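Quick one: the structure is below, and I'll ask about it shortly.
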Amino acid sequence: MPERPRIRLVPLAASLAVFALVLRAVHALPDTATGLSAEMTAGAKASGIKNVVTAVLLDFRGYDTLLEIAVLMLATIAVLSLRTDPDALSRRISGVAGPVLGALTRAYVPIMIVVAGHLVWIGSSGPGGAFQGGAVLGAAGILLALSGFARPRWSSGAPMRWVLAVGLLTFIAVALLPLALGGTLLQYPDESRKSLVLLVEILLTLSIGASLTSLFLASASDTSEGERR
Amino acid sequence: MTVWLPVLLPALTGVVTFALGDRRGTARAAVNLVGAIVSSVVVVSLVIKSYAGEVLSHAVPTLPGLDFGVHADLLGLLFSAVATVLWGVTLVYAIGYMDHARDRARFFGFFAWCIAAANGVALAADPITLFIFYEILSLTTYPLVVHSGSSEAIAAGRKYLFYALGGGAALLVGVTWLTVLAGPVPFTPGGALASVSGHTTELRIIFGLLAAGFGVKAALVPLHGWLPGAMVAPAPVSSLLHAVAVVKAGVFGMIRLVNELYGPELSSALGVAQALAVLAAFGIIFGSVVALRQEDLKRRLAYSTVAQLSYITLGTALCSPLAAAGALAHLAHHAVMKITMFFTAGSLAETLHVKKVSALPGVARRMPVTMTSFAVAAFALAGIPPLAGFASKWLLGVGAAEGGAPWALLVYVASGALAIGYMVPILIASLRPGDHPEAAGTESDPRMLWPIVTVAALSIIFGLTAGLPGSPAHWALTAIAPSFGGLMP
Amino acid sequence: MTTYDVYVAGGAVLFALGTYGLLERSHLVHKVIAANFMGSGIFLVLIGLANRTPTPEPDPVPQAMVLTGIVVTVAMTALGLAIVKRYFSETGRTTLDADEKPGERR
Amino acid sequence: MNVVHHLPALLVITPLVGACVAFVAGRRVAPHVALATATADVVLAVLFAARVLAEGPFRYRIGGWGAPMGIDLVADGMAALFIVLTSIVGLVVTVYASGYFRSTDPTAYGHGLFWTLWLFMWTSLNGLFLTGDVFNVYVCIELVGISAVALVTISGGPDALRAGMRYLFASMLGAMTYLLGVALLYASAGAVDMATLSERLVPDTTAATGLALMVAALVLKTALVPAHFWLPTAHASAPTPVSAALSALVVKGSYFVVLRLMLDVMPDGYLPGAATLLGVLGAAAIVWGSVQALVQTRIKLLVAYSTVAQIGYLFLVFPLARNGRDVLALALTGALVHATAHGLAKGGLFLAAGGLITRFGHDRLAEMRGAARAVPVLTFAVALSGVTMMGLPPSGGFAAKWLLISAALTSGEWWWAVVLVVGGLLAAAYMFRLVAILIADAPAETAPAPKPVRTEWLPLALTAAAVLLLFAVPLISDLAAASTTLQSAGVTP
Amino acid sequence: MMIVFDILLVATIIWIAVGSLSQRQMFKSVVMFVIFGLFMAIAWIRLSSPDVAMAEAAIGAGVTGALMLDAIGHLRRSETPYASAAEPEGGEPDA
């Protein structure tokens, strides 16, 4: 194929150009900048959430997070739609299940759940929060699935769909709640802000954990399916 | 709102025709005829009002600063009346002609829409509205040209579109440019561009663009290429193209352009009218000479149309009141003359399968009434008094002499001779004894015969009544007078 | 040169590398991995630049953006891999062929 | 709680809830959920547009924080126009899809997940049109991207999967590049809210690079030549209702953000050359897309390449917009009218093409000769959409072309007018090629078998709306005047 | 002193990324991707963003890695007949 080198030149040129542009752009920046951190920190302090990142994610920019949960659910559904049998999550994972992994899983998963809970709890004051907790929870779920534990009864049909949707629906309900109280979308009343944020955080942790697990379960190849082909 | 009716009624007729579908032939015929009659009555009532000095107008706001508007002035109504009345006549003919054809709903539906668009062109109150209807006319004609669906028809349709859309593009640029330059410019007798007359270069280019756009439909040489090809369409469509709506929309656009947009004075001052006149004169001679050599009957008529349309353009471009009035009168006169001829050609082709001049012998014996009608139209076209063609040519000639363009008079005389040259051989050939075995005097279907007789009679009536109020010639004089600052001598 | 310049420059390299990989590598899983590198590159740039605050705490907004970005990227990745797998099941291929005209099959 | 005060939020939340409910409800109930959601969205969209027209642009502060801390939704005429367009085309697509997916194999098409994915796409489009925050745009375009890719691949065929894969990589590349741009922009200006950015932006290298990257990424997602490589196959191999939604709406989503960035966020004189470059690429798209459409042998590819060409027109607004407020108003209104007209006409054209494919059982143009007699309604729909594509009166395409040509001539940059005119003629060439095939006289055996025609009126309705759009131009013009772009550009005349 | 560590860390991250993209065997590519994620987590710690570090470790390395391993497992299971067709495309990059 004589054309090959020429074809490769385009990506190379594109990536080098982007690289040069970004370096040049970054070089032009002043050495210090505060961005929005001052306002955000002040705002977080006022509402009593010490971890500013958590405040940004769940309060100031909660709308982003709402849509992001939608992204996760959407991706899960999209992955489901690519299955030949989209009405069920994978039952048998072609995992690396073995005695060692099984034992490890038994040991680790409870720890991970505890860690996740801890992350959520401290999320409003120190590093941690819904995303991290949810991620750990999701990793735990995947570990369970890989080691052959995951054959939940809810993994197909209507129950599965409920499990997938309930997190987002609840979040939407919470987001709409302020509308009845005269606020805008996601405008938590000041007096109950901290508790509502915590509630959303717990909800999100479960939701992200469940979403990530089901994303994997929706995606993972069913061994039976693979054998059939 | 009444002023919209000449557009809306045919449009509605078209919609109903489509809705009725292919099977309900009687209902379709009834709806179309009723539509045509009601539209004609509306147009006539508008004419009466307009003669009385009451010009109705109405506009719908569309684009910012631009209104989509129509007005029922005498000038526009003349074209509108020609289109609407001849629509009814053509309908009767077409119902007979298309008796066994396929896709008749499509045919009659688009036919009605064509008339709606032609009426829109006629009554448009400004260049933009005119352009809009002009393009709709192009589009609605296309399905009629390609009606048979044969590869020949598709090719002719492609050619038609190529020209029509090219012309439309020129028109679009011209109209937009003009609006950007001068703002909204409603048609005004005597011209609407006095305030920007200093922009001579721009105005010349814009005139060129607009004239090219109208020139396509007016078959102004060298933009006439589509017209002979479009002959493949069914005969009623040819009549529509050549007599009733399409080409007339082109020359009518020229008339509006010279008389009511630029105005005769500005057109002459810019030199654009003279250029147009030269081009039109060339078209007259060219069309006539080429027509002489055509063996195919419909092609010969087509080239005759090329020549006759240039009569109108030339008369308009001379910028003298009588010539302009003659041009406008010729628009109506040519319509009735040429429609007679195309009806005849269609009858010959449909009833006797005669399409060539060489196949004509015996036809006059076989279909005496039809051929007599043809003869009337042919003589009228050649300008024999007291037929319709004479009246308009008289005006054109006097106007040419008066307007200081005696060369144009020469062109008119020469082309009259040429017209005799290409028409008379047809008549002579048909009178020769030939081999049509059926009994003499068997005419075509009466639904095709009577329209022919009617339009031929109109050629006579228009000529005889040329001096009376309400006749096309008088009407044209009245309508064109305001562009030249008042009443005619 | 400050500490954070190193990470920002590294992020730029990573982004460029990912772009190159996404455009040039033909194995579909490689393309997905490359897209993830692009993402990581951006996250490095974001957080690196967030560290320009005078306080020891970096700007929280980019951190929140990166957290969002990580989750969105995993969603995209999952979809990409699911299509790769289905595509492989249907055609037995792991690459997109440029010379294959669309619609030729069927 | 007064619904009217929360319309921006509800326009996003309603389809999102609809998507969840459709998912939970399962395959049989989902179409009804989608129809109900679509209807509700049309009502909300119209109310929203009415409010914007009555009161002018306003901002909806999510969480009550207000920019730059929180995320604001920007409710202006431009957003309202695109949302109404989305709701109309969306409703038609929904109705069409309820027939389309019923008539095909019930186990195909993702087992009813179409409805959920489709409502997610609707959510994300509304979100995109409303958001005033450049990072939120990122989340929204990812939502659009994932739902669009999933809808393309939903049939599971090799072509669809290949096209979807290519689409996904284009989306990823676009989204990542966009995010990098946001990172640089934030580093420079310290905000992600569009209005705040436009105040704070100084013409420094960082912000300029950031904006350039963002615009480049969105151009890729809008499939402007030469970044159109993914579009034809993706739009052509998707199921028909999806093709319609993709061509009519999805490309408009990213285009909308380009409008916001180029006209609202960037101060005058920013990124010199970018506007011209976009215009030149737009002109190239018009020519290249049309030429490609002219040589296609498959109906959906022809229509898809026509989308590539029509997208080009949308980008002519940028070079013209630099010539003062009057020209900007003309050009922007022209672009908005074009986007609307193209959305309606192309949605209708794809649905009509899909109807023809269903009737014939294949998509080869050469074997569709003579379709007009069997499917006059679809043929008519194709012809009417052609009227808009060509920009012939009285269609919306004409109004758009008129406005853009006026803008070009007023500004003295007459060469854009040439592009517009040539583009119309090229569109005529490929559309009449299609129409001529359909109305050609054909031997009886290639004529398709008659089938139910219930949904055949839908494409006709859309294309007829596009053709009569001229009469809605005053409304669009008012909406354009109520856009943040024109409101900040000076006093409304 | 720390800057040397930073440079080394970034260099390692890039080296792993290059390695991952230039592997012929997808399994190795994916393993390197997971390792890449872990090194990224260290980088986040260095950039005083523990929140990001945790998410990266769990999602970037964990979930994404699992998804990729599953995918190449699926490809590998029936890859043999097609391996020869796919492999030449995945050669060493020129860059």
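The first chain written gets the first letter, and so on, giving A, B, C, D and E; residue counts start at 1 in each chain.
Just so we're on the same page, a contact is a pair of C-beta atoms (placed from the backbone, for glycine too) under 8 Å apart; a residue touches a chain by one contact, two chains touch by 3 or more.
What you are looking at is a predicted structure, and each value in this text was computed from that prediction instead of being measured.
Participant: Hopping along touching chains only, can you work out the least number of steps from subunit B to subunit C?
Facilitator: Counted as steps through touching chains, the separation is 2.
Participant: Excluding subunit E, which sets of chains remain joined through contacts?
Facilitator: Without subunit E in the graph, we get one piece.
Participant: From subunit A, what is the lowest number of touch steps before subunit D is reached?
Facilitator: 1
Participant: So which chain ends up in the middle if you average the CA atoms?
Facilitator: Answer by centroid distance: D.
Participant: Could you tell me which chain lies farthest from subunit A when each chain's centre is the average position of its Cα atoms?
Facilitator: So the chain farthest away from subunit A turns out to be B.
Participant: Which chain has its C-alpha centroid at the greatest distance from the C-alpha centroid of subunit D?
Facilitator: B
Participant: If you tally contacting C-beta pairs, which pair wins, C-D or A-E?
Facilitator: Most contacts of the two pairs: C-D.
Participant: Calculate how many whole Å lie between the centre of subunit A and the centre of subunit E, each centre taken as the average of the chain's C-alpha atoms.
Facilitator: Once rounded, the distance between the two centres reads 20 Å.
Participant: If you average the CA atoms of subunit B and of subunit D, how many Å lie between those two points?
Facilitator: 43
Participant: Between subunit A and subunit B, what is the separation of their C-alpha centroids in Å?
Facilitator: A distance of 72 Å separates the two centres.
Participant: Taking each chain's centre as its mean C-alpha position, how far apart are subunit A and subunit C in Å?
Facilitator: Centre separation, subunit A to subunit C: 17 Å.
Participant: Which residue numbers or ranges of subunit B touch two or more of the other chains?
Facilitator: Residues of subunit B never touch two or more of the other chains.
Participant: Note the residues in subunit E that touch 2 or more other chains, in rising order.
Facilitator: Subunit E, residues with two or more chain partners: 51, 55, 59, 63, 67, 70-71, 74, 78, 95.
Participant: Of all the residues in subunit D, which ones touch at least 2 other chains?
Facilitator: 135, 139, 142, 146, 149-150, 153, 156, 180, 184, 186-187
Participant: How do the chains pair up in terms of touching? List each pair.
Facilitator: A-C, A-D, A-E, B-D, C-D, C-E
Participant: Please output the residues of subunit C touching subunit D within their complex, sorted ascending.
Facilitator: Counting only subunit C, the residues touching subunit D are 15, 18-19, 22-23, 28, 31, 35, 38-39, 41-42, 45-46, 49, 52, 61-62, 65, 68-69, 72, 75-76, 79-80, 83-84, 86-87, 90-91, 96, 100, 102-103, 105-106.
Participant: In their complex, what parts of subunit D are in touch with subunit C?
Facilitator: 135, 138-139, 142, 145-146, 149-150, 153, 156-159, 161-166, 168-169, 171-173, 175-176, 179-180, 182-184, 186-187, 192, 232-233, 236-237, 298, 301, 363
Participant: Could you please specify the touching residues of subunit C with respect to subunit E in the complex?
Facilitator: Answer in residue numbers: 1, 3-4, 6-7, 9-10, 13-14, 17-18, 20-21, 24-27, 29-30, 32-34, 36-37, 40, 43-44, 47-48, 50-51, 56-58, 63, 66-67, 70-71, 73-74, 77-78, 81, 84-85, 88-89, 92-95.
Participant: If we count contacts the way the header does, which residues on subunit A are in touch with subunit D in the complex?
Facilitator: Its residues touching subunit D are 18, 21-22, 24-29, 33-36, 39-40, 43, 59-64, 67-68, 70-71, 73-75, 77-78, 80-82, 84, 86-87, 158, 161-162, 164-165, 168-169, 172, 175-176, 178-180, 182-188.
Participant: Using the touch rule from the top, collect the residues of subunit C that touch subunit A in their complex.
Facilitator: Residues 2, 5, 8-9, 12-13, 15-17, 19-20, 22-24, 45, 49-50, 52-55, 57-64, 67-68, 70-72, 74-76, 78-79, 81-83, 85-86, 89 of subunit C touch subunit A in their complex.
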